[in-house]
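The same chain A turns up in both complexes below, where it pairs with chain B and then with chain C.
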Partner chain A sequence: MKKVISGWSLIKLYTLLVYIWMFTPIIAVILLAFNPQQFGSFPMEGVSFKWFIKLSHNSTILDAFKNSLVLGSFTAVLSTAFGVPAAMAFIRYDFRGKEFLNTLLIAPIMVPEVVLGVALLLFIRWLQQPKSFTLLLIGHVVLTLPYVLLIVQARLVGIKKEYEEAALSLGANPFQTFMEITFPLLAPAILAGMLFSFTISFDDVTATLFWATARNQTVPVKIFGMLRNSISPEINALGAVMIVLTVSIPLLAGFVSRRFVRGRHKT
Partner chain B sequence: MKQEKDPEFVKFTGIEKRFGKVLAVKRMDLEIPEGSLVTLLGPSGCGKTTLLRMLAGLESPTRGDIYIKGRRMNDTPIHKRNLGMIFQNYALFPHKTIFDNVAFGLKYRNISKSVIKDKVEKALETVRLPGVGERMPSQLSGGQQQRIALARAIVIEPDVLLMDEPLSALDENLREDMRREIDNLQQALGVTTIFVTHDQREALSMSDKVVVMKDGFIQQEGTPEEVYNNSINHFVADFLGHSNFINSVVKEKTGDFLSVTLEDDHTFFAVPAGVLNTGDKAEIVIRAQKFKLGYRTDHVPEEGMNVFFGKIVDRSYMGGEVSYFIELDNKLVLHAINFVKRSPYRRGDEVFMKVAPEHCRLLKL
Partner chain C sequence: MKNKPWKPWVLLAPSLTAVFFLLVIPVCFVIVYSFWLRGPSGQDIPAFQFGNYAKFFKDFFYPSILLSTLRVALETVFLCLVLGYIPAYFFYRTESRLKPFLMVLVMLPFWISFIIRTLSWINILGDSGLINHLLLKFNIINAPMPMLYNEGAVIMGLLQYLLPFMILNIYVSLDGIDKSLAEAAKSLGCTEWQAFKEVTLPLSLPGVSAGCLLVFVLTCGTYLPPMILGGPGNEMIANLIFKRVIGTLDWPFGSAISTVLMVLLMTIVYTYNRYMGISQIFKTLSNES
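Coming up: the complex of A and B.
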């Protein structure tokens, strides 16, 4: 009996250590963002918002932020716009080469990002096109499309075909059936896919390093650049902001969608 | 003024459906009279659901034509066929209220809001679930959900009501109630109904016509009595009820019956199903319920009665009836079902089993 208890305690301790190991750096970044000193060290001497204020006056960072937001939003919208119909086709219809096409669209998850980054760049060179925002957007859509596909497909499998067949038999045409039945049932997955796309696009460094021009640098690429020159506490502040954003957006979305679902089930 | 019922309200001609290399439905012709309830009965994979889905427009036939009210339907998309469909798993829209579920089909029919409201309420009353309009499907039981599905299908006044195993997801007890309800509703509305099932009891109890299917072919069609009492082949006789099959050779015509020789040279009297000549090999079909049992020692010979002697090797009590398996002296095992008497026979009892010739049908082999 005693031995069992000590076994569980060991597992608990081990779990705790894993969590500490995972989250200490993140917590350190957030804490140091409030450190008034130039060089971060513990224990901290007071709390200050000065790096955040400095950050908010740094126009290149703000530009990068704006780039990231715009890029992330466009990526999310485009990936969903392509991903949802593709998922519908793969799950609801049979056609030649279906498996092959599906694998092809999912492939970017399996290819190392460096390879993807170089490949698209070479392709653009071969077409003799300059690097541009469009290139960056195409790249990010390629990167995030697999996630939308996988999430929406998984949900579609769970939505019984009979719902759609029932709607059709009652006189709704295929488009009305999609809008009235499939889309509302699919909405949580579509939202999740959009958020995934946004977050992945917002966070991506490796591939974006290859595709970004000086004019459309994203936040992570900017941070990477700043780190090369000097270690500024501003980066900590920026890191803190990004952590809050990338964690809170999905949480908020989850909360909203749950409220939405519960509201509908009220009698 | 009542109009003449159309005997070919729904018609399939030379219908065929191929899935890859598999022929699910093979060159089938079928007519369904107006206002009738027709069951497609058969084991899984016999093509009954495929046939229904082709009529619904959910599958397109590889060959052949489908007519509803004399109009060829092959190229009419499902949403323009005016059909009511009932699914095994109810398929109520989970994100819509009961009211919106039932009103769904009416939205696409140019009907004003107030009329829709009246019609939905009337439909809910018809299925004996008034006042549940505000609830969500998940708040209803399986039986209630299926009744709502029924309301949703009949409220649009469909030309044909299609039901794909609508009772198989329900509990045994509920199934019987629901079956009667569908039956009553169908008769009250007079809507032409096609009912797919693998359950012979459902098929026999509620249909005007039963279509027994196997391997994409129609084996036999007719009233429940016809297909049960006059099964035209081994499959139908075996699929419906509990039948015994005994091989024999035709000897001669004796009075109203044919006398045949069994494998042990026993002589037996039976009714021929179809034309049989002396020397033909034939199969005697006897329903398990038609045997009368008695203790071997009590047996009194009767003129023209068929008799076997044997020993009870297995019995199972089924409430009102007892099912016996009897090993004959020639090692053949027969199945008999008798109503429970004061003292049912026990395993090992020596018995005779008699059956009148009119209950023995001869199928040509």
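Coming up: the complex of A and C.
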């Protein structure tokens, strides 16, 4: 018995070490963002907000932030608008070639982003269209669509078909049924899909490097450009802002939706 | 609902159109372009010849990048497995109240920008990074150890990016195993270790292999870690494609390299699907959020 316990505590220790390994670099970015030193490195010499203040005056970064937010939001809305009906079709209907089409729609996950980047750019070039915001947007929709599909499908499997059939048999039309029955039950998955696609779009570098022009750079592409002249405390500050932003959004959404669900149970 | 066979097609139309025009056709373009010629002044000339592929395999330069990509991918898969299995097993067995919190922590990196996670290693491994700072401070070394801009640093970045995928894949598989099976083995006289080796480990292999495939495929297409953490000798195949297409605008050759990469990965994924079934991966990915 004693041997079993020591084995288990080794497992616990190992897991703890993996956590430390995984989070030390992230914590270092946040810490170093407050380092007043000129070079973004250890040791820490006091705490200062000067890099954040400098950041807030950097108009090209603010522009990139705006681009990223707009692009992410549009991507989230479009891919859910495309993905939710597709998920409905796959889960609620039987038709020929279903397996194949489902794999086809999820395929972009397995296609390397570089290839996706080259492919779409090549196509646009053949059409003799310039790189534009639209190119970025459609590209990001393709990148994120599979995730929306997977998340919404997984949730839809758990929603009983009988609810919808009951509504239909009581005289609701299919659209009413969707709005009154399916949509409220599906809402958490739709929200999760939107958040996921927003984050993927917000974070994407590789494919975006192919598609972005100097005018519509996103934050990660901007950071990539800044990195050419080594890591500066400003990059750490920007990284800290990004970490807080992209981590707090899903946590907040989870919190809000839980409150929302609990509130509805009470009534 | 049943007597309208066109309905699912209406629901599918937007996504199918999008994926067809924005993925299928563009990928076909890449394949077609890979047979084209590049004119002396850089224009693309339609042709059907294998010159671009011949150029790729002519001397050892390009295949060696392909081989080192595969080597890095295998190393990353192996290390992900070593680092990931035990935490996944911990989640499976633990009865701690903190379990949901710890699971969220594992998934947290999914939400943190990839480029930030990659560059964060500069703060740790750099000449004035955390490790060198501590070693110098305690007089263990006299001059900073160079740890950045080599294959090890690239793999560090890759591991941090891919480990959550591996842990989740293994955990999803472990979670489906009835714990009483291992108990039964133990009551029949197995030791804890034997019960794990003979019962739990074999049953968790679908998750292990799904995690390995995902990590392998994602590593093969990776662009950022070699760019940020690697040196001149650590280029991977994606960096080569980017350089040929965006750098020298050699579309036909860039397309040929892309095709080589695609064919390679498709062969691997196809073989995997043939023997293991790919649905395991999709199952885990849909749990990510």
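Structure notes:
Convention: the second predicted complex is superposed on the first by the 261 of 267 C-alpha atoms of A that agree within 3 Å, B and C clash if a C-alpha of one lies under 4 Å from a C-alpha of the other, contacts with A are read in each partner's own complex, and residues count from 1 in each chain.
Criterion: contacts are C-beta pairs under 8 Å (C-beta built on N, C-alpha and C of every residue); 3 or more make two chains touch, one makes a residue touch a chain.
It should be emphasised that the depicted structure is a prediction, and the values quoted were computed from it without experimental measurement.
With the C-alpha superposition on chain A as described, chain C and chain B fit side by side in the combined arrangement.
In the superposition on chain A, A:Lys160 makes contact with chain B only, while chain C stays out of contact range. More chain A residues lie in contact with C than with the other chain of the pair chain B and chain C.
In the overlay built on the shared chain, the residue A:Gln176 is in contact with chain B alone; chain C does not reach it. Judged by the touch definition given at the top, the superposed model places A:Ser59 against neither chain B nor chain C. In the superposition on chain A, A:Pro184 makes contact with chain B only, while chain C stays out of contact range.
By the document's definition of touching, both partners, chain B and chain C, reach A:Leu168. In the overlay built on the shared chain, the residue A:Tyr19 is in contact with chain C alone; chain B does not reach it.
Shared-chain residue A:Gln128: touches no atom of chain B or chain C. After overlaying the two complexes on the shared chain, residue contacts for A:Gln38 are found with neither chain B nor chain C. Working from the superposition on chain A, the chain A vertex angle toward chain B and chain C, CA centres, sits at 90° in steps of 10. Distance between chain B and chain C in the overlay is 5 Å (nearest C-alpha pair, rounded to whole angstrom). Residue overlap on chain A between the chain B contacts of one complex and the chain C contacts of the other covers 165, 168, 174.
Residues 160, 162-163, 165-174, 176-177, 180-181, 184-185, 264-265, 267 of chain A touch chain B in their complex. Chain contact summary for the complex, chain B toward chain A: residues 56-58, 77-85, 87, 89, 91, 93-95, 104-105, 107-109, 134-136, 138-139, 149, 152-153, 156, 162. In the complex of the two chains, the chain C residues touching chain A come out as 1, 5, 7-12, 14-16, 18-19, 22-27, 29-30, 33, 83-84, 86-87, 89-90, 93, 102, 105, 108-117, 119-124, 126, 128-130, 133, 137, 160, 163, 192-193, 217, 220-221, 223-224, 227-228, 238, 241-242, 245-246, 251, 254-255, 258, 261-262, 265, 269, 278, 282, 285-289. Those residues of chain A that touch chain C in the shared complex are 3-4, 7-8, 11-12, 14-15, 18-19, 21-26, 28-29, 32, 39-43, 81-83, 85-86, 88-90, 92-93, 95, 101, 103-123, 125-126, 138-139, 141-142, 145, 147, 149-151, 153-154, 165, 168, 174, 192-193, 195-196, 199, 202-206, 209-210, 219-220, 223-224, 227, 231, 235-236, 239, 242-243, 246-247, 249-250.
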